[in-house]
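Listed next: structures, encoded as structure tokens.
Shared between the two complexes below is chain A, which has chain B as its partner in the first and chain C in the second.
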Partner chain A sequence: MGRDLKEVAIKNKEHIIKEWNKEISRLKDVNYTAEISAELFESNNEEFVNVILNSIRGDGTPQVIKDFSDRMIHLGWPLSYITDGLLVFRKVTLDTILHHIDQPEGEYISEVLKYVDSWVEPIIRQLVNEYSVSWEHVVSLQRIALQELSAPLIPVMDNITIMPLIGTIDTERAKFIMENLLEGVMRHNAEVVLIDITGVPVVDTMVAHHLFQATEAVRLLGAKCILVGIRPEIAQTIVNLGINFTDLPTKSTLKKGFLLALEITNKKILEVENKTQSIDKLLGLDKGSEKN
Partner chain B sequence: MDSKSCVRIMKEWDIVAARQMGREIAKNLGFGTVDQARITTAISELARNIYLYAEEGRIYFEAVESLELKGIRVTAEDTGPGIKDLSLVMEDGYSTSGGLGAGLPGVRRLMDEFDIESEVGKGTKIVTVKWVR
Partner chain C sequence: MRIPILKLHNYLLISIQTELDDQTAIQFQEDLLKEIHQTEATGVVIDLTSVEVIDSFIAKVLGDVVLMSDLMGAKVVLTGIQPAVAMTLIELGIHMQNVPTALDLEQGLLKLHQELGE
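For the complex of A and B:
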């Protein structure tokens, strides 16, 4: 019986395609962005309906569906287009088949329903799978990208290093911060590390706890930590929480922290008088244009 | 207003989701930046407690109104192991997880109203309110 139904469907291919196109174009006005041009939409529809029909006929291998879905994902077609398309196809095909058979009895109809579902289901499953795999891939890539910028350590002078922290700190990131910090202290031979938390949105007990642990570890290596970039609202929240920050030197801004760091390392910034050289020359941009 | 929003806490990143939703609601209710930070931090503590000890629970947000005050009610509810000694966990410096032990007493100080109920083996419910000044 399944074969008969397939034959009916394939014989009435033209009709199904026509009806399908009509339905899907109607959906286009409601659901999809106007960015998709009419020609692209039509050529894509044609391909899509052929992929479905081929797979029903049995000569569409999974590879064909995979190629098609790869292209769709690459071009950024919405998943709803795929699912809508297949649902519409199911409806149109059912209509067509039921129209062409002469014994529309209850039991027979439910058989037909079952067969048509068994054609459409594997395609839906595969396409949705392909889409979700591609999303998971993107998410994992972004995770890696995020981790790459999660805890940089910047040596600014001999013995002074800065670690700017931006964004939410979770357990994983806290671990990463600790490792980077300790490794950096050793590598740059740092005496003072400034940890800047200007970009950390919330400092709760967990974040504070991790900061304490990191600074304690740095202290064991013989270096000092200064916590900078504490915004007024964060300061008030820390006081309310009742966290004791007295063991950890803090400054409101990176600038003040840097001055303290200079003091600790016995350095000083001096302004040089009689600046004779122009900035261009200092930067090496003058290209011998001066005519002295 | 009777709208009630809810965030389910199961993963560590749900804490961030709860925080963001709470901050957004607090901002819309007219809280200043300092109170926004207080509310967000309190939510963070409550959500983290759920994540650490109960594994699964929910945080509810509600706008509340009394005669002359407007405010936000944050409710944390879980079906975790419960707390044996409530007075002990409200003490500063008490922690079973090696943390700072400032979480719950901190939340009480960050918010205006604080109420905790817990039954061992059943779960814990914490209701807090912050009023707009």
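For the complex of A and C:
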């Protein structure tokens, strides 16, 4: 019986395609792809319906569906277009087949329903699978990218290293930060590490605890931590929460922290040439040129 | 297994190359104090670069050694604590608050030099 139904469906291919196109065009206005041109939409519809029909006829291998879905994903067609399209196809095909049967009986109709479902279901399953695989792939790539960005360590001078932190710190990230920090201190031979929390939106007891642990561990290695970038509202929360930061030197800006770091490492920034001096020289006003 | 203690000018150098067990640690504590007494050293550097595990007991012994040496007039600096070791110590809640530390032997000696003002 399945073979008969298939024949009916294929014989009335033109009719099904026409009906399907009508339905899907109506959905187009409501749902999606307003920016996709009508031409593209139509040609894509044609391809889509052919893929479905081929797969029903039995010569549409999974590979054909896979190629089709790959292209759809690549071009950014929404998944809802695919699922809607297949559901509409199911509806239209059922209508057509039932229209061509002389006396529809209850049992026969349920058989027909079962068959048509068995045509459409594997296609839906495969297409949705392809889509979700591609999404998962994107998510995992983004997670890796995020991790790369989550705890960078920048050696700015001999013995001075900066770790700028941006974004919320959770337990997993705190662990990662600590590992990176300690490895970096060893690698760069750092004497002072500046942890910049300008980009950390909230400092609660947990974040403070993690920061403390990291700085304590750094101290065990033999380096010093300076916490910089403490904004007024963060200072307020820290005091209101009763967190004790007295063991840890803190500064409001990276600049001030850097000066402290220079002090600790016995360094000083020397201006090679004073600005007024160089202007004097330019105008020939400095003492050296006067003598000449 | 005894840990060798080297004398360098006014300082004592100890490089711990084996995993410390409890017995060795206690023995080391005794040896070091005896050595400080004999040599009248003013500074001690204990290098832990090759130590991969420090448990709470060893940490306590090391902390005690620092305090005891201090009482005998010798400053102690621990150097070369590995990142993994530092992390486990912090996770165990052992902060070794009053123990001076340095990154490596060189900086440890510098630190001693500064603190003793020699």
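Throughout what follows, the second predicted complex is superposed on the first by the 271 of 292 C-alpha atoms of A that agree within 3 Å, B and C clash if a C-alpha of one lies under 4 Å from a C-alpha of the other, contacts with A are read in each partner's own complex, and residues count from 1 in each chain.
Operating definition for what follows: a residue touches a chain if its C-beta (ideal position, glycine included) is under 8 Å from a C-beta of that chain, and two chains touch if they have at least 3 such contacts.
Since the model is a prediction, treat every value here as computed from it, not as a measurement.
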Original post:
Given the superposition on chain A, are chain B and chain C in a clash or a fit?
Top reply: fit
Original post:
Between chain B (first) and chain C (second), which, if any, makes contact with A:T246: first, second, both or neither?
Top reply: neither
Original post:
Which of the two partners, first being chain B and second being chain C, lies in contact with A:A217: first, second, both, or neither?
Top reply: second
Original post:
Regarding the shared-chain residue A:D170, is it in contact with chain B (first), chain C (second), both, or neither?
Top reply: first
Original post:
Is A:A208 contacted by the first partner chain B, the second partner chain C, both or neither?
Top reply: first
**OP:** Check whether A:T237 is in contact with chain B, with chain C, with both or with neither, and answer first, second, both or neither.
**Re:** first
Original post:
Looking at the overlay, what does A:E183 touch: chain B (first), chain C (second), both, or neither?
Top reply: second
Original post:
If you take every C-alpha pair with one atom in chain B and one in chain C, what is the shortest distance in Å after superposing?
Top reply: 8
Original post:
Where on chain A do chain B and chain C both make contact?
Top reply: none
**OP:** Show which residues of chain C lie in contact with chain A when the two form their complex.
**Re:** 78-83, 85-87, 89-91, 95-96, 101-104, 107-108
Original post:
Taking the complex as given, what residues does chain A use to touch chain B?
Top reply: 168, 170-171, 201-206, 208-209, 212, 232-234, 236-237, 240-243
Subject >> chain A to chain C touching residues, read off their complex >> reply: 178-179, 182-183, 185-186, 189-191, 213, 216-223
Subject >> In the complex, chain B residues that touch chain A >> reply: 12-13, 15-16, 19, 33-34, 36-38, 40-41, 44-45, 48, 92, 99-103, 105-106, 109-110
